[in-house]
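Just so it is clear, A, B, C and D label the chains in written order, and each chain counts residues from 1 on its own.
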Amino acid sequence: MKLWKRVLPILVLALALPAVSSALDLPKIVNTDWLEKNGADPAVRIVDIRKPEEFKAGHVPGAINVFYGAWAVKRNNLDNQLPEDEELLELVQDSGIEKTTAVVIVGKADTTTDQVNLTRVAWTLRYAGVAKVGVLDGGFNKWSADKKPMSTDAGKAAAAKGKTSPNRPYLAAKEDVLAKVGKATIVDTRMPDFFFGVSKLPFVARAGRIPQSVNLPSAWIFTKEGAFKPMEDLEAMAAGVVGKDKAAEVLVYCDTGRLASGWWFVLSEVLGYGNVRMYDGSSQEWAADAKAPMVKYTWK
Amino acid sequence: MKLWKRVLPILVLALALPAVSSALDLPKIVNTDWLEKNGADPAVRIVDIRKPEEFKAGHVPGAINVFYGAWAVKRNNLDNQLPEDEELLELVQDSGIEKTTAVVIVGKADTTTDQVNLTRVAWTLRYAGVAKVGVLDGGFNKWSADKKPMSTDAGKAAAAKGKTSPNRPYLAAKEDVLAKVGKATIVDTRMPDFFFGVSKLPFVARAGRIPQSVNLPSAWIFTKEGAFKPMEDLEAMAAGVVGKDKAAEVLVYCDTGRLASGWWFVLSEVLGYGNVRMYDGSSQEWAADAKAPMVKYTWK
Amino acid sequence: MEKRPSGDPSLCGQCHDEIAANFRKSLHYTTTGLKSGVSPRFSKEEAGTFAGKVFPKACNSCHASCGDCHLKSPAIGGVSAGLLQRHRFVKRDEGKTCALCHGGRVYPEFTGEYGGTPDVHYQKGMICLDCHSKSESHGDGSVQASRQERKERPSCAKCHPPGKETSEKAKSAHAVHGTKLSCSACHSAGPYRNCYDCHLGKGAEARPGFILGRNPRDPKTVTTLRVIPTVRDTFASAGIRMEKYDALPNYWGTAPHNIKKRTDRTRSCESCHEEKELFLRKEVLLPGGSKANEGLIAVPKSLK
Amino acid sequence: MEKRPSGDPSLCGQCHDEIAANFRKSLHYTTTGLKSGVSPRFSKEEAGTFAGKVFPKACNSCHASCGDCHLKSPAIGGVSAGLLQRHRFVKRDEGKTCALCHGGRVYPEFTGEYGGTPDVHYQKGMICLDCHSKSESHGDGSVQASRQERKERPSCAKCHPPGKETSEKAKSAHAVHGTKLSCSACHSAGPYRNCYDCHLGKGAEARPGFILGRNPRDPKTVTTLRVIPTVRDTFASAGIRMEKYDALPNYWGTAPHNIKKRTDRTRSCESCHEEKELFLRKEVLLPGGSKANEGLIAVPKSLK
């Protein structure tokens, strides 16, 4: 047997391997080049959370469309809540996502709301038990600005074989937060005027914040184009406000549990803080409970 | 002599006195009723700082017009600076303002800039040596909304007899601030994103703030209609950030020395903090000096 | 400048002759449905006043032109969201066309923006024309008095034929309720929009609600009912006092566009048979409403 | 809809006959000043091209209608700030009318918005028509080739006649410089706007500057000069190469509208006679500029 006959299969294997392993090695912040290169990998599932009419007008090839509103629903009069486990797990399965699928979230990135919709869905999928979830940096806006390929296909997926199971350590309830005031680092991710108590949303009962919380607005994670700021800026902000101890217990909250997903994502997924939970009920639930303490007009 | 002949002059005097003394007893925050009642008192001078074309279209009866830009000028490449003493004192004199005149500043109140233009001129007049300066609460907007009388006269004043003399303790220079870092309470009156260092104006050389400063945005002094917030809110914010010691040394700054006049006014003039100076050069001067220290990405 | 070049379909009909001919007879063009819906409340004389004075100025001012769906967003209250794709004709762009006229009720229910969850079909990427056929937009050449008369209408069973249930619970629930309840009675996710107190030219007030009761068009079945805001003095300013106001109820069967597979009602018998708040009951009837409303009351039996 | 009903003054002239007749001959209507300013740079043939092709489309498209000042803000680049007071006619509202056409240079200098201090007259509440007479807006019935030819023009001395100085310093300064310097040479507060590199249809670039030199219209006096942005290829796209480009300089005497009583120049002799940076000198002349520029150089003598 000629040498090449023995070597060729090894070469083929060697060349083929990196493609598979790179798809599996999903960055948390996915750039458009990575997605263009790996989007067709069967281990990757691209989930576009824009409205169906926007999706139909053009999307990342291979993407499926599951609108944001399917991932975060109104429940018990609270906005942006996790669906019931049963429905969430079915949604994940129907989206063709297995526990080990590398999921890339794509959506608009025009406003802070758009930007944290991406991280909120990432949080939801991690909660649902999906191991690898990344967010497209700059969202579909960047994909489009970079003149990457577009598809207008129906964007359907075959349901996954198995169901995932919930990963509850990412979620904090009101009682958890109450028990941790003064003990864990509670991060208020709203804008400083909300933290300080000079502004509040109409559906939040009282102005102010959870006592002893610190302020790190999720709006400050992103550039004005909707991309993540450079890593050294994100790291410095996290260190400056949350501290450098990555094992510290951290709870993030906002008004409805949407904004807070921004710093949950950066702290937990990107910077490697190991114990970060999001309080899904957030101020909308907290401020409505007259027994839950709140402070305002100070920074400390 | 009949009784009434002896009593009448006393009655007249008794009735006349309150009018004079109330004019002299100028509130720092003047409401439209007060101004309507006392505006014609010869001890009062109403200074409207809007543009001449706005002034001509209708103004508080008796007001004179001295545009904001005459009170705060560009000097040494810094915006919103005090004019040279010689010019400022001449401007005060030409405006018919004596040392003891009760001056009421009137202007627009649409934006934060409009609102702090009022307090900046109040600071400038106090600096110029005028003893009593008040600001019309809600500005001309409120006067107009309250359907108070309007005049379209030329709004001219005879020059004052004497010149005032500058009251330098209201003004801090860069060296003063440098010497007080960590010693006095330095209040950054910009919005929190500027304080934290995620935003900056193009003409400010570096993002961030003076080390150990605290944040109390002047934008938060005013309601969205441009009036001062209720006294208990202003007091609570001041106590929460600056502290309750009214003798403490306080330095206020912002980007150009305009915004900062808002909290200078509330702290020094309204709430009675006794030692409040404004750093007129502010970040525009500070950040341009590579030797002046700055910090960012923390709140402390 | 001609502001609405396709207000008369004959322009587009020069090429699209069949569609234009159909469209002339369609409910989108004639808006006859609006007249049919309210007419039984009028005396003969009032019907004349309505047809002459109210209908052309109010109801019919809303009729769609070709361009309202294929070139620009329709103008609602004089305001339009503008061209769809510069000056190009567009086959369909429901979120900018259907959604504007049907944006008070169905569209925001469908997307979840009215509160609650998006309709399961929207979640799966389906939009208006995926269920509503082209012939609903353009008509099919026949004339109907209202959309109820159309043959080709969306139907749950077309895609979800009975008998394909996978769980025993679904099978037995469908077997027991199938002929008595509409699909939406159980599979609507939650509150939908109800409009109250319409006065001619002054608009109505809207509140979320969820109301189960007899379908006035098919009183044997119970379905989701929506309040239609015609009140006794709706047309008073036009001199119409609706002499036969009580001929029609104020509640009408509706398909709230917030379909969800699992709801409280699919999960528990008690949610209907014990907790009866969702049902139209005498004590919650609209004050001063039509006398016909009482006929829609249908409260389920207790299980015990 | 007639977009510019007063584009032809005869409509308003039905009542305001004298003003309308004058206005037809005024520089605001004819914009002849723009032609006169540049024409000496043209050969005879080029002048014809300019008059036929460039002037009507470019310069004259800016002429004012009655309504541009009395009803709405004039449109600049197609954009107008809208009606002045709903649909009412307004006698004067300079901040919304004069300021739009003269808003690149004089107005923001005057209000201080261009940087620096507001003009002392603005500080004292004076605006455009307090110095510029109505006959400047409407014309006086005579025809002029440029505003320089107008008799009635604002003049400092009209309100501030020489000889009324209160300080000795002012007296002697005026006595020494009175016939050699314009008022603005000393009493302009600081940098004003200068425009560079105009190409037909592409606009110019603006930078602040302060330039003292001989007034090309009166070379015995030194005044504040402003760069006018006509460059050699300004009209190249219209086929005009300006054969006599060097007939006129690029700097022209100007009255920057930022008058201030006290300036560095009124305070110290040295600011002109020793520090000469404000003066046009050979080394700062515009590269590639007109040869006529050199004639404007005038550097003051040192005092020592």
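Here is the rule we use: contacts are C-beta pairs under 8 Å (C-beta built on N, C-alpha and C of every residue); 3 or more make two chains touch, one makes a residue touch a chain.
Since we're looking at a predicted model, the values are computed, not measured.
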Any chain that touches chain D and chain C: none
Number of hops, chain B to chain C, where each hop joins two touching chains: 2
Far-end chain from chain B, centres as C-alpha averages: C
Distance between the centres, which are taken as Cα means, of chain C and chain A, whole angstrom: 37
Whole-Å gap separating chain A and chain B, where each centre is the average of the chain's CA atoms: 46
Centre distance in Å when chain A and chain D are each reduced to the mean of their C-alpha atoms: 59
Interface hub residues of chain B, defined as touching at least two other chains: none
Chain C, residues touching no fewer than two other chains: none
Touch-based graph of the chains, sorted into line, ring, star, complete or other: line
Every chain pair in contact, whichever chains are involved: A-B, A-C, B-D
Touching residues (chain side chain A, partner chain C) in the complex: 51-57, 64-67, 69-70, 73-74, 83-84, 86-87, 91, 94, 154-156
Contacting residues of chain B [partner chain A, same complex]: 191-193, 196, 198, 214-215, 217, 220, 233, 236-237, 239-241, 296-299
Chain A contact footprint on chain C (complex, rising order): 93-96, 111-113, 115-118, 122-127, 190, 261-262
